[in-house]
Amino acid sequence: MTPAITPTVPERASTQGKKQHLLDLQEWSAEEVWALFETTDVMAQVMTRTIKKVPALQGFTVGTLFFENSTRTRLSFERAARAQSADVISFATGGSSMSKGESLKDTLRTIDALKADLYVVRHQAAGVPYQLTRWTDAAIVNAGDGRRAHPTQALLDTYTFRECSPGFDGFEGKKLTIVGDIAHSRVARSNLRLWTKLGAQVTLCGPSTLLPHELEQFPGVTRCFRLEEAVEGAHAVMALRLQLERMQKGLLPSLAEYQARYRLTPEVMALADAQALVMHPGPMNRDVEIDGELADSERSVVERQVANGVPVRMAVLYTLLVGRQ
Amino acid sequence: MTPAITPTVPERASTQGKKQHLLDLQEWSAEEVWALFETTDVMAQVMTRTIKKVPALQGFTVGTLFFENSTRTRLSFERAARAQSADVISFATGGSSMSKGESLKDTLRTIDALKADLYVVRHQAAGVPYQLTRWTDAAIVNAGDGRRAHPTQALLDTYTFRECSPGFDGFEGKKLTIVGDIAHSRVARSNLRLWTKLGAQVTLCGPSTLLPHELEQFPGVTRCFRLEEAVEGAHAVMALRLQLERMQKGLLPSLAEYQARYRLTPEVMALADAQALVMHPGPMNRDVEIDGELADSERSVVERQVANGVPVRMAVLYTLLVGRQ
Amino acid sequence: MTPAITPTVPERASTQGKKQHLLDLQEWSAEEVWALFETTDVMAQVMTRTIKKVPALQGFTVGTLFFENSTRTRLSFERAARAQSADVISFATGGSSMSKGESLKDTLRTIDALKADLYVVRHQAAGVPYQLTRWTDAAIVNAGDGRRAHPTQALLDTYTFRECSPGFDGFEGKKLTIVGDIAHSRVARSNLRLWTKLGAQVTLCGPSTLLPHELEQFPGVTRCFRLEEAVEGAHAVMALRLQLERMQKGLLPSLAEYQARYRLTPEVMALADAQALVMHPGPMNRDVEIDGELADSERSVVERQVANGVPVRMAVLYTLLVGRQ
């Protein structure tokens, strides 16, 4: 007896083998980003239904390759896959052979024998998602590589601004400010690349030890050491998580001094545009980098950022696997 | 090209947004418990088929949130979900941001962006499942909170008594005895609440350090320090797992003394009703709190308790998600 | 309201309850192995399609029970199950009750309440998969037990030889050589049992501390301490991973000495048959037991071994669950 050889769903066109990836946002045109947001609108609508599941990716498999741990980002991608009826393979390096001295290439080739159609990759070293594109026919989505890029976070931040900014009419002429540990933040880097591409002015603010010179080379980017100046007239202000282990490395003054100078408060937000949004990529240290009440205020879109994670990632998976034909 | 927007299964009525939960059993009426057992009968029948899967919860997603580790309880719920064609999101706190100082509310709000329809929650602190009901529209099932409650264990113990007690005619007038570390046992607490609601007399037995005064306040509950007296005429005797780490805290006499006075043996069971059942919620320390041969004897329904875990949890998920309309 | 009791797929014949297992290969006839390879051919074709999923095992559940950690073997089985639309339950012992002193039988009985149709078992102790067959009605697949057996690895190695050996006409008269730490290798043991059953001559090569006497009792097996002699005229040479922790136990000479005498190189492979294949079960220590360039050369079928893992395991699951009627 031979097994049933009819596939679960009919064969159909896909983008397979066309090497379409989301590595960072400089490779995507503004038009592609806007098209992705329209797909996201559809996905967001799906997630408000009683039955939050569509067959769009039935028969496909998404592999999550997290060489650096991040439960919530991984689960967000996995939910985005399953809500479209894709299968999920979850690979975390805890007990795997990477530690046995195997090369990254050999590891990826072994994993790739599982024949996922798309891999979501997080790695502590910048550039790894780019390398992987050379060793597999599957699509690659960068879920964070070193300090380099975290493009789906930037997409969901940007989608949230588009959704929540009153009377939104594009990014031209908007002042968008990021406050905190810019130096170690892949979220800041992906956002400034995307926001300047879309026409915004980006202001980066923090103590000089956490504010690298080279980012000022970017067109449309300004460095600034005083929070009041950075916030003045801004249309959105994003506070970054303060990783307290930085302090031990001498990169930070005392915590009290940091809080006094850089914590986002209702008072300093009074200097921003009257309809400015407060953002944070999470997880928050309440009352460290952001005032707890401000985080819960009407200005805050932190909960919308969180809520938009799954729809944006659904749109990314959909676009790479079947959408861009 | 816009994605397929037809849902996987047709939209249908559900209990969504009605905030129906299983937190503990005092909130459920005896009628609701009996109805749940009838649904469990159907599920138990499904699990005897060659194809142990029904489409009842297709399109729904169950999230398991285990802040305290328990592989077997988690897998039991996950199987109960998948056997009804629901999707599963599994969240364990090992590598998550809880340890980074994020508040429980912010953590739950982030997880809830995954839009599960029901969360199964275990937490070391009593009351957490109650708190979570305020922060999500999803249904909550308590899978164990501190020493407080473990309602699905109590339901499966009770369902097993209903199934296995010869000539079962209800709980009125039955004497049900629990032996061991009552003080630290959420299983004991949930069972005594359910059994007294259904009309049984409950006897709690153990050394005084493990047998709290306040439980005697419950109508229908008796404390007892002598095993022989506690077992006499009982219709079921449940031995609890002895957690040996309690000894180190000075709550227990020597292990040998505990075994001599409180181990459940065939000899002491001879004092019980002629058709009395022997129960244990597992995992067992054979020959510590229960005689190994007794655990394997005809009187023992330990294997039935284990076997009923999935059908009872299938019925709980079904009832909360689509059954109580 | 009673739940939908129609199963997801129609009831159908299955091998359930017939206790068919893959424990090791001496229990399978050569004819059964060849039939399995024909099913593997079909599965390999499925994995080249755009939609790599068939409904063959819809409604069945495969449980993976890894008492010893192996992410890649576990994921290979899980993908093989999901590609045939089976559900997967994944049990790893990290946080489970095994460490709480529960017996193996009680643990298995508890897991078996999840009612998987087939369990894939890896355990550090030889014989455990055999024991489990006595405690469950489900099929058991041995995914590695101690140093004893790893039959799916042997099947995929053998399938790869059948696929890649130029002008393949069977195993009769073939010389197949395994080099390295034979003593600790379940892969070597399963392969020599399968290869000799199919008619090949097997040569085992390594330092005497890693080359047990008793294996020479096997008909068709030769021990050999010189690599040149072992490779001469061979039709395939498989290098085994060198586990460096063996050195610390005094079983090995210095690493340099091992490499000088037993590393597989292009030079030594020149002594083999002109069309000989180079094999390695992975993960490789490049330039320890195998020359890195040789591993990437045309002679090497290491990538085919990796690629055949999922199709072979698909065929095993299919054969045990529905194929052998």
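So that you can tell them apart, the chains are marked A, B and C in the order they are listed, and the count of residues begins at 1 in each.
Heads up, the rule we're going with is that a residue touches a chain if its C-beta (ideal position, glycine included) is under 8 Å from a C-beta of that chain, and two chains touch if they have at least 3 such contacts.
Note that the structure is predicted; figures quoted are calculated from it, not measured.
> Go through the assembly and pull out the chains touching chain A as well as chain B.
The common neighbours are C.
> At the chain B/chain C interface, shared numbers over all numbers used: above half (same) or below half (different)?
different
> Averaging over Cα atoms per chain, report the distance between chain B and chain C in Å.
Averaging C-alpha atoms per chain gives centres 39 Å apart.
> Which residues does chain A have that touch at least 2 chains other than itself?
Within chain A, no residue touches at least two other chains.
> Using the touch definition from the top, list the residues of chain C that touch chain B in their complex.
Touching chain B from chain C are residues 1-12, 14, 16, 59-61, 87, 89, 91-97, 100-103, 106-107, 109-111, 113-115, 117.
> Taking the complex as given, what residues does chain A use to touch chain B?
38-39, 42-43, 45-47, 49-56, 69-72, 75-76, 78-79, 82-85, 282-286, 303, 306-307, 309-310, 318, 322-323, 325
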